[in-house]
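Consider the two complexes below, in which subunit A is the common component and subunit B and subunit C are the respective partners.
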Partner chain A sequence: MLRLIIKKEIQSALRDTRIQFAGTFLILLMLVSVLVGRQGQKQIQKERAEAQATMYDKWVNQGAKHPHSAAHYGQFAFKPKPVLSFLDLGLDNYTGVSVFLEAHKQNEVLYSAAQEGNGMTRFGELTAALVLQVLLPLLIIFLTFNIFSREREEGTLKLIHGQGISMRKLLMGKVWGTYALVLLIFIPVICLAYFLLDQASAGFDPHVGVKFMGLLASYSLYLLIFVLLSVIISAFSKSSSFSLLSLLGLWIAACIILPKATTNLADKVYPTPSQYEFRKTIAEKVENGIDGHNPSDARLADLKKQVLDEYNVSKTEDLPVNWRGIAMQAGEEYTDQVYDHEFSKVENIFKKQNRVSEWAGFINPYLAIRNLSMAFSGTDFHHHVAFVKAAENYRRAFVKKMNKDMEVNDKPGTEDYRVDKEMWESIESFSYEAPDIGKIISVQWRSVTALVFWLVALFTLASIYAPKISRL
Partner chain B sequence: MGIYGQMVRTELRLLSRDYGFLGLLFLLLFLMSFASWNTYYHLADKNKQLTVQLELVRQNDQLLISQIDSLNKGLATYEGQYTLPTSGVRLTYNNHRLSWIPSNAYALIAIGQGDLYSNYKKIVLYFNSSYERASSELISPIEQLFGQLDLAFVWTYLLPLIILLISFNILSSERETGRLKLIASQPIKVSTWLLIKISIRFFTLFSLLIIFTFALLSIFGVSIFQHPIEFGQLTILLFLYTAFWFILCFLVNLSGANSSRSLILLTSIWVLLVFLIPSFINQLGKELHPVPTRLEIINHHQEVYNEIESNLRQEMVALFRLHPDWSSDDPITKDMSNSTGWNINFLAKQYLAQLKHQPKAQEYEDKIDKRNQWFSQLRISSPAMIFQNALTELAGTSTRYHRSFLKQSQDYAHQYRQFVFKGLFTNHAFTSEEIKNLPEFVFDRQQIPSVFWPDALALIIYLIGIGIAILFLSKKSTRIIQK
Partner chain C sequence: MKNLLHICRFEWKNLWRNNTLIILLLVFFGAGIYGIYFGKFEIQKQEDRMATVQEYERQQFDSLLTWVSLDTSIKANQINFRRAVSPTGEGRSKHFTYYVLHHTPPLAGLCLGQRDLFPVYYGLNVTDLARQMNIGELANPMKLLTGNFDLSYVIIFLLPLLIVALFYDLYAKEKEGGTLTLLQSQSVKLSTVLMGKGLLRLLIVLGSATGLLLLGFLLQGISLGQNAGIFFQSLGLIYTYCLFWTAVMAGIIALRKSSATSAIYGLGIWLLLTMISPALLNLFVSAKTPLPNRTDSVHELRTLSGKVWGSPRSFVYDQFYPKYPEYDKGDSINFNQWYYASFTLFDDKANSLNQEYESQVAKRNQLLKKWQWLAPAAMVHENFSSISKTDRESHIRFVKRIHEFHDDLKNTYYPKIFDDENFNKTELMELQAKLEE
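The block that comes next holds the complex of A and B.
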């Protein structure tokens, strides 16, 4: 019986010319967005890979110079364009592209596409994520708003009930029938996307296949939630108009109003410091110590005493190593501690803000899928932080190497000490591996749970209240 | 009282008892209040940051002036050029300037690009990575992605939805309840009857919208009476945009579709105009006008700098030929062991590199401007894009405003740099009077021509377009309704 109901639902929907038109339009829209997005992703990734190679080449061929000058000459780290970003751009337009790595300070990741862009970008971009998260649910609403109410209005519901068909079976038949239609729209895009997956980019993201499956599973759950919700609301609405109005109201609240309201409120609850306050605190802590009672002069004097005692000499000129190299590395390490301390504070504020939208996934499944989609596509905040940390670790390692070389080889009495290509080549070009699926799920467990919660809650609701449908 | 007057009275009475209509109005007013509050805090925070920065500059200048006075009176002595208050080196490194974009009177209506950039820029005399780009604040990228809930968002996105929800079934509900025959028997054309019903909804909503906007702007400190023209412009824009959606509802009602079909059709049009067309244009703009990576610019600057370093003697000759008043016979200016001499050499290289790099940097900026121009022209594809653009322009938070601010900041930085370098390069002792009269930045709004009328005109053209469609359809409507 269930199979018959599913078959009937699919057949009647496929006969509806409006559904045929809307379905085809959405499929075309998704195909175009996937193809154009893939082309853009490929182009940007190529540009960034070339930029990374060019900058490394410049580093290697910078000529002979003092290692500390080289640390100031610096290097660039370019963020690889995530392979799956062609499906969901996520934060990619709002986080920077490259960071300049130099001695003494941790720079920001700069040149985000949004800052170079136009106000029109605020309307969003045509991506598969936009279609799947916002437009496909709207189609589900159009497909299902009268799936029960029409039967009720036409009097066929009583007829069906009179034939002894269980309302639970009828409801589930309509759910699975609609879901099958949704999958019919969703699957061609998924197939095309899988076919377009760039295995060559697996160098910095070997887990891309698993992430793609995660993305697929998340969207499958999200769309099922929307189907269930729409069918349930239709089942308990007295008229088609009421059902449509309720569903559209929910869609507007979930997809249009709440996402903005949630993030704006999160910013008010967990305010971020200003750029000026942030930089000022770093400068003050570097100068006066993290606790405010350890000034740089005193730190340097302590270090000097410690080094002189270690080598059993009375002045730095008598040291067998370069005192400036030691002092600079100690300064670097202290500055790193300050940066870690302050950056982690800001990062925690952002994480708290993001957590609000993660918990809000229990109220609004759109927020849950938005977070999961960005995470699996490699375009969420955690991926950005992972890149920033990788670049910073690289900076610290290469600056340390420069300072160590200076300490050991630029001994007192050495005139015009310089190192050459061999040294520059000993530092490998920056590379970065994106977080794996385990890390993503450990960070996004709230969003995963929110989707599962919605699904369980809706199935339970459907199961408990289905027998009451015929009584309305 | 004629039949029309009676109709208006009855309709107003019905609306005042329609909980759905009242609920939606209440929702709109609630969202507008939340949006105003949200924007008010955003602006207050920005203005607070700006005040802190301006105060910092003032305190630094004040300190320098008092130190110059103490030095001149022989009350204090200073060792080295970095601390000597009359030295150009001290002025270069310790007393930065600030360029800032003051909030427009109607900034409360749209945050626009304001969450991407700071409203001030630190002007320093030495080259750094922020030289060519706008400053930004620490803000979660997720918040930037979702955007800000401001009045512009409520009006552009949600107001049309509320209009659709209160007007989609005016005619169809009458047919579905069987009252249409009764209306058709009245001595009034059905299309006129529909027009009156829609007009009442339009004027009720529009009046409340304007009253509430006026109240909110006043509560949140917008000086409407000092800027009546802008309020007039805002009223015209709201009138045109609201009228567009109401007329669209009139057209769909007139098509004779049932309630559900009307709502589906109107929602689809909304999705098309607010989501699909703008996002498609964004995508197309990226493909047709790709902005090259900044890498080329960074590389070019480094190359130019290296070139100048390797040819320094000739470059310095060229510099003094360009600025003869910067050249000096003072031996300190030539002494590289002295901080003045060293800094003249260092800053001259940066200055020259900047001059040579400028055309390349400008090429890049021109490409961005070209793309923005393209986007700006294509906004006519959707009334939502026109309306949103008009609001951000009125609020002074559009891309054009920020780019003009950046350009004006760079021009000011160049002017200030030339002023200080003239003194520094000739080892001039700066006086407290000169510090008091350092060139100040003033944001010139006149450089940004208003686009209010083109935007208003584009919305009027949309209205005329739908008007023609209505005229065409109204001939068929009687037949459709009779069916």
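The block that comes next holds the complex of A and C.
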């Protein structure tokens, strides 16, 4: 019986020319976004990989020089364009692309695409995510708003009821029938996208297969939630127009108004510090110590005494090692500590802000899927932070190596100490691997739970109240 | 004409008795007032930040003025005295950091535009500008992505929805309610009735839009008298946008479809014009013209820096003096002179590279502009930000002003550095005039 209902739903929807048109249009949109977006992703990744290689080449061929000059010469880190980013661009246009890595200071990841574009950029790029999160739910609404009320208005509901079909079965039949159509629209294009993945970029992310499955599963859940919600609302609406209006109202609230309001609220509750305060605090803490009672010259004097004692000499000139190398590395490490301290403060504020919209996923499933989709596509905030940290660790490692070399080899008495290519080559080119699926789930569990919560709640609701449909 | 007025009056009664209009207007004005409030909040945050840096700047300058009068025969005072008077600063710290502010234009709170993407202040000293500009404001990218719920958003996204909601059943309601045949039997032509109904709705829409804009001025405390010009410009833009959407709805009504179908068509076109077409346009443009790689300029600067440090004298003699003969002091040259000369060389290089990037970016944005008619919502947004002076162009003008400020700074500092002189108290007082009001 269930199968019959499902079949009937699919057939009657497929016969509707408006549905045919809307469905084809969505498929075409997704196809365009996948084909053009993939091309763009491939192109950008190619350019970034080339830029990374060129810059590394320049580092290797910088010529013979003092290791500290080389640390000042510095290196670059380019963020690989996530291979799935063409399915969901996420924050990619709003986070920087590359960072200059040099001695003594931690530069910002700069040059975001949004800054280069005019106001049009703020309207976003067409991706499958836009279609699946916003447009497909609208199609679901049109498929379902009169799925019960029409039967009610035409009197067929009583006929069906009279034949002894349970309302629960009828409801589920309509849910699965609609859902089958939805899957028909989105699964083929998304799977096509997977086969078209740029293999060169996929190399940066060994977990891309699992992430893609995660993406697929999240969207399947989200769309099922939307189908359930629409069918239930339709089932308990007296008229088609009432159910259409309430569904459209919900859609506008969930997909258009609430996301902005939620993010704005979060920014109000957890205010972002200004760049000026951030830099000032760092400079002050480096100067006066993290606790404010350990000024930099006292720190230096302590270190000097310690080193002199260790080698049992009285002046730095008598040391068998380069004092400036030691001092510089100590300074570097202290600055790093201060920076980590301050940066993690800002990072935590941002995370708290984002958490507001993660929890809000329990109220608005759109927010849950938005977060999950970005996470699986490698374009969420956590991925950005992971890149920033990887670049910073790389910087620390190579600067340390330069300082160490200077400490050990540029001994007092050495004239015009220089190192060459062999040294530069001993530092490998920057490479970055995106966080794996375990990490993603561990930071996005709220959104996963929110989706599951919605699904369970709606199924429960449906099965408890289904028998009442016929009485309405 | 009399008939038309009569129809309008009757229709108004009809609409007023029906709760839908009231609910729609409540939601629209509710969203609008929230947008006005939120815009004010965002702008206030920027203003507070600017006020903080300005106060800090004043405090710092006051210290300079105190230090310059110190008794230098006391050894402890000497460092601070040198900090105040030496144009190259003392030790590793430079002389003074001036803050240049991107003052809030009056309408910024109504249309935040691109203003949240860029810093609204830069701190600079007389060293090279290029590296001092390589800085961003701390911002949660999630917030930048989601965008701002300001008045411009309400107007661009929600106002068309209001129009769709008001117009979609203009004809179908009569038909579905069974009143159509009654109307057709009247002596008044059906088209006049529909015209009257449409006119009334248009008036409601224009009235609400005007009301909301006025509320925006009122609640944000923007003086209408001083900004009458931009008020009418914005109003004109909003009216054009309203008329555009009314025309779209008129086209849909002319098809004489059922109310549900008309609503779906309206919503479909709304989706197409506010979300899909700008997104499609962005997709094609970013795939076709990827953004330039700006790291090249950092690389050029570090290479230049390496060369300068490698042979400072030859750089000053071969490149700096020929370009800037006014600073040519012949053979004598000290560390600060070549050090500061190098900054000018960096900036020259950086500026020429930057021009190249900007021309590439401009080409890309030109492409977007060429096709923007496909995305009227984005077009209106861009125009609204341009009227409010919150678009990217305004930031570019701000950057230009920073360049002028920095040039001016150099004209004051460089003669001192190359004559190897210090500032005296009167000169410091003159420098104080450079601080922004």
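In the analysis below, the second predicted complex is superposed on the first by the 469 of 472 C-alpha atoms of A that agree within 3 Å, B and C clash if a C-alpha of one lies under 4 Å from a C-alpha of the other, contacts with A are read in each partner's own complex, and residues count from 1 in each chain.
We adopt the following convention: contacts are C-beta pairs under 8 Å (C-beta built on N, C-alpha and C of every residue); 3 or more make two chains touch, one makes a residue touch a chain.
Please read these numbers as outputs of a predicted model, since none were measured by experiment.
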item	value
Partner chain(s) touched by A:Thr178 [first = subunit B, second = subunit C, both, neither]	neither
Touched partner set for A:Asp267, first subunit B, second subunit C, both or neither	both
First, second, both or neither for A:Phe142, with subunit B first and subunit C second	both
Partner chain(s) touched by A:Ser69 [first = subunit B, second = subunit C, both, neither]	second
Residues of subunit A that lie at the interface with subunit B and also at the interface with subunit C	18, 29, 33, 36, 40, 43, 47, 51, 55, 58, 76, 90-91, 93-95, 98, 100, 107, 110-111, 114-126, 130, 134-135, 138, 142, 240-241, 244, 248, 252, 256-257, 259-261, 263-264, 266-268, 272-276, 278, 346, 349-350, 353-354, 357, 381, 384
Subunit C partner contacts - residues on subunit A that touch it in the complex	18, 22, 29, 32-33, 36-37, 39-40, 43-44, 47, 51, 55, 58, 62, 65, 69, 72-74, 76, 78, 90-91, 93-96, 98, 100, 102, 107-108, 110-127, 130, 134-135, 138, 142, 240-241, 244, 248, 252, 256-257, 259-261, 263-264, 266-268, 271-278, 280, 346, 349-350, 353-354, 357, 381, 384
Sites on subunit B touched by subunit A in the complex	31, 34, 38, 41, 45, 49, 52-53, 112-113, 116-118, 129, 133-149, 153, 157-158, 161, 165, 169, 173, 259-260, 263-264, 267, 271, 274-276, 278-283, 285-287, 290-291, 293-295, 298-299, 302, 368, 371-372, 375-376, 379, 384-385, 388-389, 392, 398-399
Residues of subunit C touching subunit A in the complex	31, 34, 38, 41, 45, 49, 52-53, 56, 113-114, 117-119, 121, 123, 134-149, 153, 157, 161, 259-261, 263-264, 267-268, 271, 275-276, 278-284, 286-287, 290-291, 293-295, 298-299, 302, 305-306, 309, 361, 364-365, 368-369, 372, 375, 377-378, 381-382, 385, 391-392
Contact set on subunit A toward subunit B in their complex	18, 29, 33, 36, 40, 43, 47-48, 51, 54-55, 58, 76, 90-91, 93-95, 97-98, 100, 107, 110-111, 114-126, 130, 134-135, 138, 142, 145-146, 240-241, 244-245, 248, 252, 256-257, 259-264, 266-268, 272-276, 278, 346, 349-350, 353-354, 357, 381, 384
